[in-house]
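Each structure below appears as structure tokens.
There are two complexes below, and they share chain A, which is joined by chain B in the first and by chain C in the second.
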Partner chain A sequence: MEKFDAIVVGAGPAGATAAYLLAKAGMQVIVIERGETPGSKNVSGALLFSQVYSEIFPKFWESAPLERAIVGHAITFLGEQTSVNLDYRDLDEGHVPHNAYSVLRARFDPWMAQQAEDAGAMLMPGFTVDKLLQENGRVVGIEAGGDALMADVVVVAEGTRSGLLKEAGLRTDEYHASDVSIGVKDVIALPEDVITNRFQCLNADEGVAYTCVGHTGGVEGGGFLYTNKDTLSVGVVAKIDAVYKSKLQPHAILNEFKAHPFISRLIAGGEIVEYSAQAIHRGGVHLIGQLYGDGYVVVGSAARLLLNNVMTLRGMDVAVASAAAAAKAILAAREMGDYSHTALAGYEQNFKATNVYKDMVTFKDTYPLLENERLFHVYPELAGAVLGDMFTVGAKPSKKGLKALRDDMRGKVSLWQMLMDMNQIGKGLVR
Partner chain B sequence: MKIVACIKYSLTLSELKVDPATRELRLATTPQRVGTIDRNVLEAAVVLKPEGSTVHGLTLAPAGAREAFREAIAMGLDDLTIVDSTNWAAGGPMATAAVLAAAIQKMGDVDLVVCGEASDDGVTYQVPPRLAERLGWPLLAYARNIALAGATLTADRDLDIGMQSVACDLPLVLTVTQETNTPRRPTLMDAVKAKKKPVVVWQPEADLGLSAEALQAAGGVTRIAQEGIVIARKEQLFQGDDMKALANQLLDALLAEHVVAE
Partner chain C sequence: MSARTLTLDDLLGLDRYEIDEEQSHIQVDQSRCQRCQLQPCLTVCPAAVYVVTEGEVTARYENCLECGTCQIACDSGGAGGITWRPPRGGFGIAFRYG
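After this line comes the complex of A and B, so read on.
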């Protein structure tokens, strides 16, 4: 029977990072990926934040297939016929790496997997791991299509729909429908120069990222629009219980978002070249799953490691950071020749020392915001109405801001309610 | 015995798109893979393989595509030879046959060559007969129920008019159809073992002595004209609750378009 030092299940950012670091340290690593190629089975924004990547893959921006450097971030509130846009641009052109890059996962994930292969890991795409093999309560390998493979340690990096641990009876931490969102995304093709001009970029290497609140079919969720080289990634992430309650099909929510005049003019003339949808965990420090046990570690989305702070939804860099923390613990365990849960406990300590984890703690109070319906239905509309009142010179006398706000709030939200919400927003995002 | 399985890195036709304005085929953005028929080729070669024999894969493909052959190797090849087409100037079935023949001769002592009846993308049906001609071997095309006894191969040829049972002495060129067999799905262990199988890359000129001029002389073509068809959908939608009325509307529309006759 074939035996490896480590088996990595899944060749996404988490799996590829773990495989890369373990192989680089001289371990015999096999990566088993369900898709025909890495990146073919996931749904992702996909916005890559540079910091964590550059720590693991120095100067990755020189060789990785990136789309555009994100030089502008915007938060946009969409009312029925209005948009209020908070647009941030970093106008310093020279510095690399940029804070974030847009990527297409079908191109980027193979590059990451290639780094692992170049370091000596064996990549096996096109095979689905059916179960974890256990001996005396300890994970000792995997089974795929009837073939068994053994290893000292198994890295579970199978992504958001991770089912291996549950099947093995190792997952004790159940989650609820309210912890799950559904992401739907179109990739829309437009000529490179049209994108550059439409989004006011200097050239085809620059791009922007929009996060949108409101106009998502009355369902709590948010929209996003990222610029790639010659495509746009446009999608909606919505609470799955709210989607269920609304009786709307997920693609109908995306269509409504795309039909909003603010979005429709940004995607005008484009051709849909890809559609995808996937259920994702909402993330958050309170929902982190089990990270390790006897003979195994869980990294990335499989351990529900995601960070949503309304402004950004981070999955990839959280995945990479967790995989790096796990790899460090595995290498320490190898020194001791012991892969028990006590030996692998270092993973949790390592992860808790990362900035990614600290960010998760920082934004832990953001999560109640995602439950607040008014944030999605009332305030985007209200913001548009108030600014509309202030900018419009009409038949009626003009009002100052507060008066306009009080008038526009009438019947929608009480002042008390709004102050409470402001406090919640403040707690989640500001202080 | 030495068996060669000729396989093709083909365009995935289901993904082929036509530029609506120019009617050009968007070949550059069409994904490529080892063809569907080539899986039947590999299956036939691997099943036929007698004890102590070897099965060698042979393909004309860009050397950069070697990863795409992983599954083909895992199906049971002992090794794979890629004749690098990265700087391929000439094209067409005549040139392909010339390259494959030269490679098979260089491999030496080959007893049996297995090909698909036609490739997934080119579908010319020309390469196997031209290859047999160049090698000076018999061609046994559209084979089913293939069996090997010593140096004699028997098979049923699947012809339009019926089945023809034949026996033929090796060496020969055999072609298979999608009905010939059901290709196996390699297991994870097959794939792990395939990782250790050698992949050899030959250059047409340096390794096979085939210069661009030689291929031109062999009948290579430098330009293939092809134009896509654009179908404008009418996208008529009949809506309502009265199914009978809707059916009548549909029928009227089909009659007006002469799709059905009165």
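After this line comes the complex of A and C, so read on.
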């Protein structure tokens, strides 16, 4: 029977990072990926934040298949026929890497897997891992396509859909529909120069990212629009329980978002080339799943490691950080010749020392915001109405801002409620 | 205006699948579905894989985008009738952009 030092289940960012670091340190590593190529099963928005990547893959931006550097981030509130856009741009052209890059996973993930292969890891695509093999309560290998493979340690990096641990009886914590969102996305083709001009970019290397609130069928969630080289990634992310209560199908919510005049003008003339979907755990420090046990570690979104602070939704860099923390613990375990849960506990300590974890703690109070339905269907409309009052010279006498606000709030939200919400937003994002 | 609104079938027609003709990766336990009030699967699936035909919930598994939403919605808001496992290696959705 084949025996490896480490088996990695899944060749996404988490799995590829773990495989890369373990192989680089001289371990015999095999990565098993169920897609026929890495990335062919994987969907993200997708924005890749550079910091963590650059720590593991120095100068990744020189060789990785990136779409555009994100030089602008916008938060957009969509009312019925209004938009209020807060548009931040970093116009310093000189510095690399940029804060973030847009990527398409089917193109980007093969590059990550290649880094692992170049470091000596073996990649086995096109095989679904059917189960974890255990002996005396310890994970000792996997079974895929009827074959058993053994290893000192198994890295579970199979993403949000992770079911191996549950089936092996090693995980009892269930997902709750209120903690998970459904993301649906259209990839829309447009000529490169049209995108560059339409989004006021200098050239085809620059791009922007919009995070939108409102106009998602009244369902708690948000929309996004990211520029790629010659495509746009346009999608919505909505809580699963809110979706089934609304009786609105996800693609209908996406269509409503795309039909908003602010969005429809940005995607005008484009042609949809792919439709995709992904369940996304909302993450958060209080919802981190089990990270390790006897003979195994869990990394990336399989361990529910994500960070959502409304402004940004981070999955890939969080996955990389967790995989690096796990790899470090595995290498220490190898020194001791012990892969028990006690030996692998270093993973949790390593992860808690990362900035990613610290960010998760910093934004722990952001999560109640994602539950606040007024954020999704009262305030976006209100923002447009108040600014509309202030800019419009109409038949009625003009009002100052506060008077306009009080008038526009009437029947929608009380002053008291709004102060409470402001406090919640302040606690979540500001102070 | 752009990106004329495509039907869901049009959208799914854009995607590339390697369909497993021999077996479905989704199992539906009708006895549980019969006593499911909410039937969240009929709403949440982005590919409308789940449909009611002749009073039974059936899974058009060949359209599955493998997002994992149905299992979570079913376990949490439904009656637990859905068992979703990844398709056999090499089968199912194959994203070209992702």
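Following the convention adopted for this analysis, the second predicted complex is superposed on the first by the 431 of 431 C-alpha atoms of A that agree within 3 Å, B and C clash if a C-alpha of one lies under 4 Å from a C-alpha of the other, contacts with A are read in each partner's own complex, and residues count from 1 in each chain.
Operating definition for what follows: a contact is a pair of C-beta atoms (placed from the backbone, for glycine too) under 8 Å apart; a residue touches a chain by one contact, two chains touch by 3 or more.
Not measured: the values here are computed from a predicted model.
In the superposition on chain A, A:F127 makes contact with both chain B and chain C. When both complexes are overlaid on chain A, the residue A:V219 reaches neither chain B nor chain C. Once chain A of one complex is fitted onto chain A of the other, the partner contacts of A:A144 extend to both chain B and chain C. For chain A, the partner that touches more of its residues is C, with chain B and chain C as the two candidates.
Looking at the shared chain after the overlay, A:A259 reaches chain C, while chain B stays out of its contact range. In the superposed pair of complexes, A:K41 makes contact with chain C only, with no contact to chain B.
In the overlay built on the shared chain, the residue A:E2 is in contact with chain B alone; chain C does not reach it. By the touch criterion defined above, A:D109 reaches chain C but does not reach chain B. Using the contact criterion defined above for the overlaid structures, shared-chain residue A:V155 touches neither chain B nor chain C, since it reaches no partner. Put simply, chain A uses residues 126-127, 144-145 to touch chain B in one complex and chain C in the other.
Residues of chain B that touch chain A in their complex: 70-71, 185, 187-189, 191-192, 195. Listing the residues of chain A that touch chain B in their complex gives 2, 30, 32, 122, 124-127, 144-147, 149.
Chain C makes touch with chain A in their complex at residues 1-3, 5-6, 8, 11-12, 14-15, 18, 38, 40, 43-48, 65-69, 71-73, 75-77, 84-90, 92-98.
By the touch rule above, chain A contacts chain C in their complex via residues 34-36, 39-44, 46, 104-107, 109, 126-128, 144-145, 160-161, 163, 174-178, 180, 182-184, 186-188, 231, 240-241, 243-244, 246-251, 255, 258-259, 264, 267-279.
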